[in-house]
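The two complexes that follow have subunit A in common; it is paired with subunit B in the first and with subunit C in the second.
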Partner chain A sequence: MIGLVIVSHSAKLAEGVQELAAQMAGEQVGISQAGGLSDDGETLGTDAFKILSAIEEVWCEDGVLLLMDLGSSVMSAEMALEMLPEQQRQNCLLSNAPLVEGAIVAALHASLGEPLQAVNKVAEAALSTPKLANAG
Partner chain B sequence: MAQEITTKQLRKWLLAYATRIIENEAQLTELDTAIGDADHGVNMRRGMDILQKRLQEKEQAEEISAFLRSVAMTLISGVGGAAGPLYGTFFLRAATSPTNGSSIDLAQLTQMFRYGLDGLQQRGKAQADDKTMIDTIQPAVEALEAAVAAQQSAAVALAAARQAAHLGMKHTIEIEARKGRASYLGPHSIGHQDPGATSAYFLFETAAEVLTITGAD
Partner chain C sequence: MSNNTHSPLLDDHPAIPESPAQQHKSAVVTVTDPRGLHLRSGRDVVRTASLFQARITAANLSRNSNAVDLKSIIQLMQLQARQGHDLQLAANGPDADAAIEALCSLF
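On to the complex of A and B.
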């Protein structure tokens, strides 16, 4: 079963998304978060080292999917992947999915035991699911 | 024997850089308020406060590569925003360039900057004229490379790099942003100097001031 990492500039946002996703997944899916800068949990920002420990926290051989909010989250997540040993890096994937919808969909499909690529595919497809019945 | 730059001098350079950023926090904030999310001054100041403390600790790496790596780690965790991973990558990559252990000559210093620039371009996926820190660093590195090829002294080379960096920074006023938050503004970003190009300029300004003093430590 794959693990999930939630990356956000805000510690509160990351914790909130983690909470929402965990509710969908039950207890069997490992979901960790890396929100805000390292020390205080109040300063907005992203920290590659914090992301690295979040990956290690939920690491399993089936792989880890990372969901990011925006901007430098992506750069910091890329950096964290580069710091991993080659074998682990190959089993980590950065998702293009929207953070909230993507995390919920990913958690649900991860809990069904789907493989990394498949979970990412449905999470990314959450981008094209309209929120309003009469939209798009 | 060409003049060698030691770990101690690099440390002095980065202390000067940290001070210069802290002195100019308000300017960086003002520039980033015009075309960004107004956090560059605060983020850089926070990172530089931490870097200053780190550089003043008794335990200092002797080897240049270890020293640059510790600078990178400090910036990655301390700066936040896009500048954290960007400056972090710059120094992390610079740390992989060839040295003589605890000293480098001008050609190796130039190579160190080139490694950093290449890392930066890979990380940020920005090119020249995107209105980013690349617009400062790239011409400065090219000026250093030209000076090395012409067998200039460190003082001349670093003065040329500072001048090229300054021109590059001023050039960002004239161009439209294609990367970062400012790119959402499109043509409205013209007329404003890029905050990242400005904080990057101070790297070369302080390098020209500090790294040319023979025997300084």
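On to the complex of A and C.
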């Protein structure tokens, strides 16, 4: 079963998304978060080392999917991956999915035991799925 | 999209009147939850639907919506199903009957 990492500029947002995702996944899926810049989480921003710790917290052979808000979240997540040993990095994937919808979908599908690429595919499909049925 | 690749041996079996791959089943359910079909109840629907091979769809008759894939939480939420809305569930596949039976108990 894959693990999930939630990355956001805001510690509160990261915690909230983690909470939502955990409710969709149940107990089995490891979900960690890296939100905010400073240790106390009061400063907005992203920190590659925090993301690295979050990856290590949930890392498993089945893989880890990283869900990010945007901008420097993506760059810091890339840097965190570069700091991982090659063998662990191979099993990590940055998702193009929107953070909230992607985390909800990924958590549910991860809990169904789906592999990393499949979970990412359904999470990224949220990009093209309008929340209002008659929109888009 | 169909993955009904059942053993051809089944077709030769006289005790089975119809190939299981041919099952089609549909039902209309009414949403009873005062909060409608929300994320958590949707999660349980998707979990149950995912246990079956059948392709399963749902349309919100009360909103005249298109049918969506019941194995997708993001599509299920598109139904915007409120209390009292009627949903048409439809399943196609070898275990369609059992799938609809299991899903109907969730609404």
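A few remarks follow.
As a working rule, the second predicted complex is superposed on the first by the 135 of 136 C-alpha atoms of A that agree within 3 Å, B and C clash if a C-alpha of one lies under 4 Å from a C-alpha of the other, contacts with A are read in each partner's own complex, and residues count from 1 in each chain.
Note that in this section a contact is a pair of C-beta atoms (placed from the backbone, for glycine too) under 8 Å apart; a residue touches a chain by one contact, two chains touch by 3 or more.
Since the structure is predicted, the reported quantities are computational estimates derived from the model, not experimental observations.
With subunit A as the common reference, subunit B sits beside subunit C without any clash.
Of the two partner chains placed by superposition, A:69 touches none, neither subunit B nor subunit C.
After superposition on chain A, the vertex angle at the CA centre of subunit A, spanning the CA centres of subunit B and subunit C, is 150 degrees to the nearest 10.
In the superposition on chain A, A:130 makes contact with subunit C only, not with subunit B. Within the superposed three-chain model, A:122 lies in touch with subunit C and out of touch with subunit B [touch as defined at top]. Of the two partner chains placed around the shared chain by superposition, subunit C is the only one that A:112 touches, whereas subunit B remains out of contact. Once chain A of one complex is fitted onto chain A of the other, the partner contacts of A:101 are limited to subunit C, with no touch recorded for subunit B.
Applying the stated contact rule after C-alpha superposition, one finds that A:23 touches subunit C and leaves subunit B untouched. Put simply, subunit B and subunit C get as close as 29 Å, counting only Cα atoms, in the superposed view. Across the complex, subunit A meets subunit B through its residues 9, 37-38, 43-50, 71-72, 75-76, 78-79.
Chain contact summary for the complex, subunit B toward subunit A: residues 39, 43, 46, 73, 76-82, 84-86, 88-89, 123-124, 181. Contacts from subunit A toward subunit C in the complex involve residues 20, 23-24, 101, 104-105, 108, 111-112, 122, 125-126, 129-134. Of all residues in subunit C, those touching subunit A in their complex are 39-40, 43, 46-47, 50, 60, 63, 65-66, 68, 72-75, 77-80.
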